[in-house]
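Multiple structures follow.
In what follows, chain A forms one complex with chain B and a second complex with chain C.
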Partner chain A sequence: MDTIIGILEAMLRTAVNPATAGVVIAVIGLNIHFGFTGLLNMGQAGFMLLGAYGFAISLDQGLPFPVAILVGLLAAVLFAVLLGAPTLKLRGDYLAIVTISAAEIIRYVGRLSNLSEYTGGSQGLRGARYQEPFINLSFLSEDGRWTLPPEGLYSWLPSSMWAGETGGRILGLVVLVAAVAGAIFLIKGQRNRQKELKPGSDLPFAQRLRTGLAVSGLIFVAVIAVFYILPLTLDQTKSNGWWVRLVAWSMVGISLLVAMLLVRSPWGRLLRGIREDEDAVRSLGKNVFALKMQALIIGGAFAAIGGMVYVLPSTVQPDNMGRSMTFFIYTALLLGGAATILGPLLGTLIFYPGRILIREVADAYIPDSIMSSSQTDQFSFIVVGVVLMLLVIFRPQGILGNKRELRFNV
Partner chain B sequence: MSEATTTKPGGLADPAARKALMAGVSSEPGSAKPDPILKVDTIVRSFGGMTAVNVDHLEVQRGIITSLIGPNGAGKTTFFNLITGFDKPSSAGKGGAAWSFDGRRLNKTSAASVARAGMVRTFQLTKALSRMTVMDNMLLGSQDQRGENLLIAPFRPLWAAKEREIIAKAESLLERFKLLEKRNDYAGSLSGGQRKLLEMARALMSDPKMIMLDEPMAGVNPALTQSLLGHIQSLRDEGTTVLFVEHDMHVVRHISDWVVVMAEGSVVAEGPADTVMSNPAVVDAYLGAHHDTDLGDDALLNEEVADQLAEEVAAEEADREQTESAKKEGTS
Partner chain C sequence: MKSRATEPPEVRTTRATQLSRLVLVLPFVAFLMALGTPSAGANTLTLCQPTAGELSCVNGTVGSRAEPVGDADVTLTRPDGTEETVTTGDNGRFSFEAPVVGEYLLSLDGLPEGLEQIPPEAQFAGPDGTVMVNVDALGRQYVPALTVRSVDYDSSGTSKTDQLLQAGVNGLRLGLLLALASLGLSLIYGTTGLSNFAHAELVTLGGMVAYGLVNLGGLNLWLGIVLTTVICGLVGYTQDRVLWQPLRRRGLGLTQMMIVTIGLALAAQYAFQYFVGASTQKVVVRTFDSFTVGPVRLSYMDVIAMLIALVLIIGVGLVLVKTRIGQATRAVSDNPALASASGIDVDKIIRIVWTSAGALAGLAGVLYALTISNGIRWDTGMQILLLLFAAVTLGGLGTAFGAMLGSLIIGVVVELSGPLGAPGDLKYAVALLILIVLLLFRPQGLLGRPERIG
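For the complex of A and B:
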């Protein structure tokens, strides 16, 4: 039992990690490139790395915090313009080639020993050199630890039902299952009601608002229930505590909102049109090149923010944001469902803890004589690769994707 | 629709008026028209050693249906691509290629700007945007949407009014093309003929001054051909200039007011349908001796049969509407 709890705790810690949040934001950006516009960007990690470098080096050189964020964003925008200008007029494959090599160039430049005064070379830029201003912004107490859920939430229960106790875990599990089932039930009900309506009309706003609020309430309860089963204690501020998690996941929320507003607008409709057939969109009087450039810039800016969030609690290590990161981002996107709004979040939240699950299970239950602990890590990547292949074959639309959309080959 | 802006008083809905208008025009290739909307000069496009298009001069009259015919490989589609900005002429030097639309020079204009100027085209291989709904396809066709600006897009109130307006317009167009029931279906689920209709309807969302249809009837069943022809004619009657490429001689004869014949890249003849089709050069180059003979598959040749077919279609539609309304009454 303790082993299982340990594995679940490791998964939860990965799921709430700021690095995971950073990846979610980068996946949202890639979704705008690949999912909505059909741009085959194979260098999303390069955009992340550039954002992270711009941000961290500016802070290291003593620039103010907001300026540092702007520098990171501008670097990614410039990178997008530089890559897009020669390639977006050509066929899609050219963008893929250029982005994958450009991302590698960024990484190798970051590793150059001549630049180690600024970038830290292959060792990376240590967190201590740029984290100070961010930690100072915290409104949480400087030292001290804090546990989610806070004790006030359950102190009225009998002590055997407290968070982390066996009784509490059973209680949490019941609440979790009930909340998730309730949310799914509400969403399905809403969809059925929508289907019965005459096409084109919407359900009344008040009804949609009610369902929306109820579903978000249930999701909130489910998240609390997860922490009820596995209470999480961390530093309040410091370099890797609740403060950075709060900021990181708020950024995820804002990014999801901005991406949703963008893709549900006529602008987003144009992007989908370009994904389907550029010439058709051109024949309708739209400037396809400018739109593709805008999409590349916006998606790249998301990746830059993701990169900044990724490095906030740790270091700017160029090798963390290399080719493999780009492929993780693709895996998460395809897993959740390309061209959906919540797909990037769901995909990343399944992919990262999922890999931990495979690794920890292999660690715990496969004897060392067959697989040592360093091999289990690599084993987890093999399993992830196989799962990705199965996913693309059997459920190419991902978890949230609409199967109807994929029935038609482009 | 755009009646007020493009139709002149008197209108061209009347066949006699159209005949009178074109009566004075000579049937020489490249002849001058009374009120040309499109003028083309020395436009040459060669692929390696092969010259695909070599048009010295061509004018297209405003407000009528002009059809462009010619054997396979005559350069009709390449010519379309050139004047709509999807391809660049190779005759940049030596006098230079020049063409103007509605008084505006289009030599170095991109495909998008050509469309914005009011000359919208469709494609030989239909380009329905498969993984988008029929309605989204239609909405893409509309010009001047503020919501298509990246900086305005996230703020719904700024473009919601325009969106409602164009949705209403798209609905009326879809209704006309009998696609309204499909509005929430993916365009990829439509049949080939329906895609042709959708593409034409989408092009009309921008109220074009001139619409260029590349083989609108290819692969469309005879009943639908009838209604497509009707749509093209009503477009003309509303003041839109139509230029289309078509292979089916019966269709061409049935609806065009003027016919331009291309062969091996250049314009070899033009004139009213009957005159052109009796021109021995055209018969030799393209039609063959038996172009007048009904090969048994096309009812359009015979007016009586065409009328009968139209009646049948109308009766069928009325029938369907009746059962549908009965069904609706039943459910409500």
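For the complex of A and C:
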């Protein structure tokens, strides 16, 4: 039992990690590129790395915090224009080859020892050199630790039902299952009612809002229930505590909202049009090249923010944002479902803890003589590769996606 | 370079003013001298052997293992300020004992005419251009780098030309091996439209199989190379039969198939790590003899590898132009539907392409491991994947002859950009940069036709 709890705790810690939040934001950006517009961007990690470098180097050189964020964003925007200009008029695989190459160039330059005064070279830029302005922004207490859920939430219960106790875990599990089931029930009901309507018309706004609020509430209850089962204690502020998690996941929320508004706008519909039939959109008098460029820039900007969030608690290490990162981002996107709003979030939250699950289970239950502990790590990555293959072959729409919408042939 | 092959290493102590220090140092000096003097004719320096908990060693070579610098004075300054100097023999070796924990400084003087020390990297730099060795525990071996370059490294003297010549030949070697590997990539792209991101793993597989057969299995090297090529060809065939042909039948889109290759590449890389480990493995343990032509230094294996690559590239070219299978392959590349309608068995052609692509990539992997990378690692192929793509795109996606031309250009550019001023890994970046710039002006590649770019 302790082993299982240990594995679940490791998964939860990975899931709430700011780095995971950073990747979610980058996946949202790739979703705009690949899922909605059909752009085969193979250099999303390069956008992240540029954002992170722009942000961290500016702070290291003493620029104010908002300027540093702008510098990171600007770097990614310039990168997108530079890459998009020669390739967006060509067939899709040219963009793939150019973006993956350009991302590698960024990484090589970041590793240069000549520039190590600014970038830290292959060792990376240490967090201590740029974290302070961010930590100083914190409104949480400077020292001390804090546990989610706070004791006030459950202190009226008998002590065996407290968070982290056996009784509390069972209670939390019941609440969690009920909340998730309720949310799924509400969404399914909404979809069925939508199906009965004439195509093209929508349910009344008030009704959709009510369902949306109810589902959000239930998801909130489910998240609290997860922490009730596995309470998490961390520093309040410091470099890697609740403060950076609060900001990171708020950024995820904002990014999801912005992405939703973007893709549901007329502009978003044009992007889908480009994905499905570029010539048709062109025949409507739209400038396809400009639209693709806008999509590339906006998705790249998301990645840059993701990169900044990714490095907030740790270091800017160029090798962390290499080709493998791009491939993981693709896996997470395809797992959750490309061209959906919540797919990136769901995919990443399954991908990272899922890999931990595979590794830890292999570590705990397969004897060392068959699989040593470094081999279990590699084993988990082999599984990731195979899952990516099987996913694309057998369920290209991922968990949330709609198969009809995804014939992406770029 | 003056040879002092028969002389023992000189040891002398300076600034050992305090008696206590003398007492400490003298037996040690006497010990070294005693070891050094008797064996007249031997040019080996007695290497310090670390003793757990008592003695650490600072050993190394001036220059590099391949090109050691003799007759140079290496001075070690201990944490207590005492110094010790060793003059290197023909093998460039130096060896010091480090009996206490602390920061030791190494300085290099008396280099032969025309050579200068390459400044150490920032984390190893001591005062006045010395190399700092941080002895943090006793019983270890520390191997600081004392590398040299010619003085006119940056000016345009004769040795600059020499360097460029050597780099050009190295570039030709890299280019030929890249061409061998990229031919398959290009043919697969031409016949099926697939950008195979797992192609580099076939290259790594070649090196790995050869490592297993020759190094672990003790097979003869040449037999091992042939067998590796056959095995990798079979892997290519199996891949097509088991994976790609069924996927084509399912009508899976090219984008999806490309993502499948990414998944396959990821799984294969970690499978290599799983079974072979993360360190570099040598295909053969011995090093090959080398020779010099003018300023250019090559090993015999380099020449053999280049010849094999050249013969095979010409061979594949002839097959493509002269034989019926080659014509059919080009027909399928041009227009699969039309080829099929005129009686060509498209599936069979694609299977042949996959088989030969696997064999060529595997062979390229062995030769690469034997010559350029001096061993094989799980990511050896991954490191050249982008060069392969750059080569194929540069020459024109899907044109076999374009892939050859592109590979040679990329190989030479990568090797030349080092001496021309691109530091470190940036030489790979230069190749990728050229690719991006070329796409601006001639997106179809050097030998491609405009209508291919859609």
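One rule holds in what follows: the second predicted complex is superposed on the first by the 404 of 410 C-alpha atoms of A that agree within 3 Å, B and C clash if a C-alpha of one lies under 4 Å from a C-alpha of the other, contacts with A are read in each partner's own complex, and residues count from 1 in each chain.
Everything below uses one rule, namely that a contact is a pair of C-beta atoms (placed from the backbone, for glycine too) under 8 Å apart; a residue touches a chain by one contact, two chains touch by 3 or more.
Please read all numbers here as calculations on a predicted model, not as lab measurements.
After superposition on chain A, the partners chain B and chain C are accommodated together without colliding. Once the two complexes are laid over each other on the shared chain, residue contacts for A:Gly268 go to chain B alone; chain C is not touched. When the shared chain is aligned, no partner comes close enough to touch A:Ile254: not chain B, not chain C. Contacts of A:Val384 after superposition: chain C is touched, whereas chain B is not reached. When the two complexes are overlaid on their common chain A, residue A:Ala128 makes contact with neither chain B nor chain C. In the overlay built on the shared chain, the residue A:Tyr94 is in contact with chain C alone; chain B does not reach it. Contact with neither chain B nor chain C is seen for A:Val67 once the two complexes are overlaid on the shared chain. Once the two complexes are overlaid on the shared chain, A:Val109 sits against chain C while remaining clear of chain B. If you count the residues of chain A touched by chain B and by chain C, you find the higher number for C. Once both structures are fitted on chain A, no C-alpha atom of chain B lies closer than 10 Å to one of chain C. Residues 407-410 of chain A touch chain B in one complex and chain C in the other.
Residue ranges on chain B touching chain A, taken from their complex, read 84, 86, 110-116, 120-123, 127-132, 135-136, 139-141, 143, 145, 147-150, 153-156, 159, 163, 167, 171, 181, 183-184, 186, 188-189, 202-203, 205-206. Chain contact summary for the complex, chain A toward chain B: residues 199-200, 258, 261-262, 265-270, 272-273, 275-277, 279-288, 294, 298, 404-410. Across the complex, chain C meets chain A through its residues 121-122, 195, 247, 250, 252-256, 258-260, 262-271, 273-274, 278, 382, 386, 389-390, 393, 397, 423-426, 428-429, 432-433, 435-436, 439-440, 443, 453-454. Contact residues on chain A toward chain C in their complex (touch as defined above): 40, 83, 85-87, 90-94, 96-98, 100-102, 104-105, 108-109, 111-114, 116, 121, 323-324, 327, 330-331, 334, 374-375, 378-379, 381-382, 384-389, 391-393, 396, 407-410.
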